[in-house]
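Heads up, the next two complexes both have subunit A, just with different partners, subunit B and then subunit C.
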Partner chain A sequence: MVEVVFGSKIMQLLIAFILVSTFMILGSTRLYSCVRAFGIQSFLLACVAGIVAYSTGKYDIYIVALLTLIIKSAVIPYIFIYIIREIKVKKEIELYVNISPSLIIGGTLVVISYYLIRSISIISELSSLALSASMSLVSIGLFIMISRKKALMQMLGILIMENGLFLGAISLTNGMPLLVELGIFFDVLIGVLIMGILIFRINKTFESIDTDLLKNLIG
Partner chain B sequence: MIAQIIFQLFIIIALAPLLSGIMKKVKAFFQIRKGPGVLQPYYDILKLLQKDSVVSTNVSWIFHAAPIVSFVAVLAAGLLIPIYITQLSLGFAGDLIAVIYLFALARFFTALASLDAGSSFGGMGGSREMFIASLVEPALMLSIFAVALNVGSTNLGFISQTVSGLGFDAVSPYQILAFVALFIIAIAETGRIPVDNPATHLELTMIHEAMILEYSGKQLAIVELGAMIKQLLIYSLLANIFFPWGIATGGAGALAMVFAILVYVIKIIIIGITMAVVETSTAKWRLFRLPELMSISLMLSFLAIVAFIIVKGG
Partner chain C sequence: MIEYLLLAPVLTGILCFLTRSKKQVETVSLIGSIATLILGLILVKNVYQNNVIISWTNALFADAFSAFIVLIVSIVGFVASVYSIGYMGHEFKHGIMDLRKLKIYYILFHIFMFTMLLVGVTNNLGLWIAIEMTTLVSALLMILHTKKSSVEAAWKYMIICTVGITFALFGTILTYYGAVKILGESGDALNWTSLIAVADQFDPTIMKLAFIFILIGYGTKAGLAPMHTWLPDAHSEAPTPVSALLSGVLLNCAMYGIIRFYTIATKSTGPAFTSNLLIIFGLLSIGIAVPFIILQEDYKRMLAYSSVEHMGIIALGIGFGGVLGVFGAILHMFNHAMTKSLMFFGAGNVLLKHETKEIDKVSGIMKSMPATGTMLLIGGLAITGSPPFGIFISEFTILSAGFFQGNIISSVLFLLFIIMIFAGFFYNLSKMIFGTPKSGIVPGEVSRWTLGAMVIVAVFVIVLGVYIPPFFYDMIMKVVAVIRVI
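Coming up: the complex of A and B.
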């Protein structure tokens, strides 16, 4: 954590923007803008990884940054848009919790995660910001998963949680071993593909990707 | 001191119609129209000032008092906001909370007057204005508080002086978040397109225009000028709290003053053009979707404060 001071200011800005992009997902009712916000979030995450790589001088983190850029901010949003086009879902998201209350809940989650992180004594202010941001990303991702009806949004929620874990890992440990990172990326990609196929199946069986209908019995 | 107060009032009154004219011209440019000249708002106000008012026989004194009270409240707010110099002569009299409530006073009297004439449009406009105001005010306060926390004072002149002294160190997550939040608020406060359309008299969409529908002649001139000044002041808040570089501090010479005024005019024009671009690139929102926009702004300013506490360690 010695060298990261170089990009400390930029890191703070990037992390704040990552939080904002999460709120963009939380605050919009259209699928496309949610996917776009996720793409932006992953791009910012790649920038964070790039700065960490630059300040530590480790080449394998460059690879991680590049992989984030390609897989998370290009391939996965593309898969989302492909699914949306193929099964012609309605572009509006249906919610269990309305936009304004969910924004407020999101804000509360940020505060709660900050207080949780505060009980761990960390000296550097940057890592406390990064850790609380990563914790809030995880909890907001979870909240998105339980408060949105569309299966696509639940997929997006789990990806946000993954992004949060990634942010925490990269800013705290200056990058895990490359093999672990590669494994995670592979996991995420395959996970998205499998979830995509599952969504196709749900759509075929129920004529909709509303997970509310999954509770109904079908003869 | 008196001279400075008069000069600041003069600048505010002189620049406000120009800003309106420039924004109208930019909007016309994007709609591929020629549009009225930049000086048109001055001619409009001069023309209105020469005409007599037609007033309904049913109205009470509130209808006559409201334009004056609103106008004076907005002007008084203008004396508490740094325009070209951070040492405000009336800085001792109030801080950003006073500014917010002076705006609220102006809005309250306009809404009262809209009810006074008893026309259905007036009541509708007044109720919508109050609906939006109840959402805007907390967000406005929170977003400026985020900056005030950073500086450690609620005096707007002091905030602007400190931020300009910080230079590029002032660019921080909370500052940017608060800026975006205040930008959304500025759209709502000045009645720009996602919230209100200043160019229409369509009964379904108008808010501010519905409230002042009963006014004519001199009173209308005062109301319109007040609205333009309020717009200028809110853009000044944006310019001089978040980008105060170039503003004159106390004891500056005449040359520095002139330079500060020039910089101020350029900043205001840039913000006006940005606002006009935002306005042309979005569609008007349904009234009942506005709470979403406002809660986004509220959340951004809330995040700004949380980010400040996290970074500085509360």
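Coming up: the complex of A and C.
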């Protein structure tokens, strides 16, 4: 049944837009637009969950969709913007890998994910589209974490990875049991808050949130 | 039953929040950890008699393996809370901590205990949630001191472990996908009790993929090489009582997650695949620790690398398999928890006295702090695997399992590595223990509390080296029966 849903045109469009939003984050050097793109991505994800909920008629997926909408596309971006304002961080992101190579690497990662998922062939043609998008999100999230200097971008990278897994879970199995989903939301939210506290602490002790400075403990 | 055990540390945390003086918060914390210990022991006794306890509509569950983790958490937690009174009291006296920080410390300490107990007793394979919670709480404990190094360590810890655990989540999702095909979509399809019953029908391709992700994910948290990079930073920068909990208990909790999935995956994929992966990661962890221990300049980092080594040994024991291998691995979990706490407690005393973590700047502990020196000597001999201490027994069991199962090359490598580690570790430790004290060090122990805590764990270290009580033996055999699938 899920496969039918994921084969539909509207779903394919949503998944394509989710990938586009990921590339918006890859292709931007401004913190605000990265956070906005993340918000859009989470909103699209909530739509995906909403459609799955509508077509299966399961109330717990509705709850999950609603939580995604509230926590990931509103609360978490708000926390980001709060941090950016409070510590008056420079709005430009410094990069280890420039924009154009970043975009090329991102594209390559999408292609690799697509072929990887195809080759495993544990699932049918249709939901494999969603699953390869999910793999792409995970790998691009990881790439963002290692190629951007600001601690905030590492936090964003983790959240993109988490979004990718969410897409994977919902395309494979209609999402995890409700209790587990609630627990994951709780952990993500608390995690973001605690990373926020850590970023404030980094800013206070190092007077910057460039992860360049965090290189003293070795050996 | 289980819910009372979980309630005890939470309640203690809340009560710590309400206290108004140093004396009060210490008393509350001590009573709370004694209560947790007693409830933990009662749980262990119940499981020992009834095999399995399930409560709270199937969500909480304890079998022999859970009970074993609960046992380790509650014993080390109790001892660490005793040690905290001395250690934090010293920092309080010297103005490093104020009352507010002290209260935050004790609150977080007990919440941390709660999350670790939760890892042991959740029935759901969403024990992912509990493991992620341990990361969050312990990262906060690490930034209690606003030093540059501890902030850096906490950030690395948080980022690397969260990424790692995200992979574990993917593994969990795949397992659920495999389970749904057989059990249908229900809340129970991730429950350990229902999974294990049908594990042999799972699609091996999916389970192989799932196990790889789980091993990388929880392996990051357990400090298996090459995902261990955060561990030396985090364990050496945390406040010492927390270091003991991180090394002694938290690593075991992550290992617990791996072993649970190992049992399920092995039923579906057959033993060769999962065991070989564990042996490879295990040997790599032991091997990578060798140069870092020999060339180490910081004694707390040396202990942290030794934890990487010992997690490798546990993985190796499970990988070798057979009754002997699994028995050795489980016994090693307990022995390592006790011995490593002893070592960290000793290192903490040295740190308070000398205010440096450099090995070269410390000497003559035996003369300036005879009791701590003796404990460190015992702990050092024990942790490097010399007889007649607990770790010798478990390492020897694992080694003989390796030879017995025909893994000659791995066993020889293992033996070679631990001999090198013995030499390096002991060389560094003896520089600190013997010789004449540095000038300006006033002889005398730091506090009676810290010594008391060390004596308690030292008893375990010494006794388990010469005698394994029959009930303890039975308990471990029950754990072996839960884990062993071949």
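As a working rule, the second predicted complex is superposed on the first by the 205 of 219 C-alpha atoms of A that agree within 3 Å, B and C clash if a C-alpha of one lies under 4 Å from a C-alpha of the other, contacts with A are read in each partner's own complex, and residues count from 1 in each chain.
Note that in this section contacts are C-beta pairs under 8 Å (C-beta built on N, C-alpha and C of every residue); 3 or more make two chains touch, one makes a residue touch a chain.
All values reported here derive from a predicted model rather than from experimental measurement.
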On subunit A, do subunit B and subunit C fit together or clash when superposed? fit
Subunit A contact check, subunit B vs subunit C, more residues touched by chain C
Quick check for you: in the superposed arrangement, does A:Phe23 touch first (subunit B), second (subunit C), both or neither? first
Just to be sure I read the superposition right, which of the two partners does A:Tyr114 touch: subunit B = first, subunit C = second, or both, or neither? first
Could you look at A:Leu179 and tell me whether it touches subunit B, subunit C, both or neither (first, second, both, neither)? second
Using the touch definition from the top, say if A:Gln12 reaches subunit B (first), subunit C (second), both or neither. first
Report for A:Gly106: first if it touches subunit B alone, second if subunit C alone, otherwise both or neither. first
I'd like to know which partner A:Ser128 touches here: subunit B for first, subunit C for second, both or neither. first
For A:Gln154, select first, second, both or neither according to whether it touches subunit B, subunit C, the two together, or no partner. second
Once both structures are superposed, the least CA distance from subunit B to subunit C in Å comes to 21
Residue by residue on subunit A, keep only those touching subunit B in one complex and subunit C in the other, then list them. none
Within their complex, subunit C touches subunit A through residues 59, 124, 126, 128-129, 132-133, 136, 139-140, 143, 146-149, 151-156, 158-159, 162-163, 166, 169-170, 172-174, 176-177, 180, 185-187, 189-190, 203, 205-206, 209, 232-233, 237, 292, 295-298, 301
Using the touch definition from the top, list the residues of subunit A that touch subunit B in their complex. 9, 12-13, 15-17, 19-20, 23, 27, 99-100, 103-104, 106-107, 110-111, 114, 125, 128-129, 132
Give every residue of subunit A touching subunit C within the complex, in rising order. 120, 122, 138, 142, 145, 151, 154, 158, 161-162, 165, 168-169, 172-174, 176-180, 183-184, 186-187, 190-191, 194-195, 197-198, 201-202, 204-206, 211, 214, 216-217, 219
Name, in rising order, each residue of subunit B that touches subunit A in their complex. 171-174, 176-177, 180, 291-292, 295-296, 298-300, 302-303, 306-307, 309-313
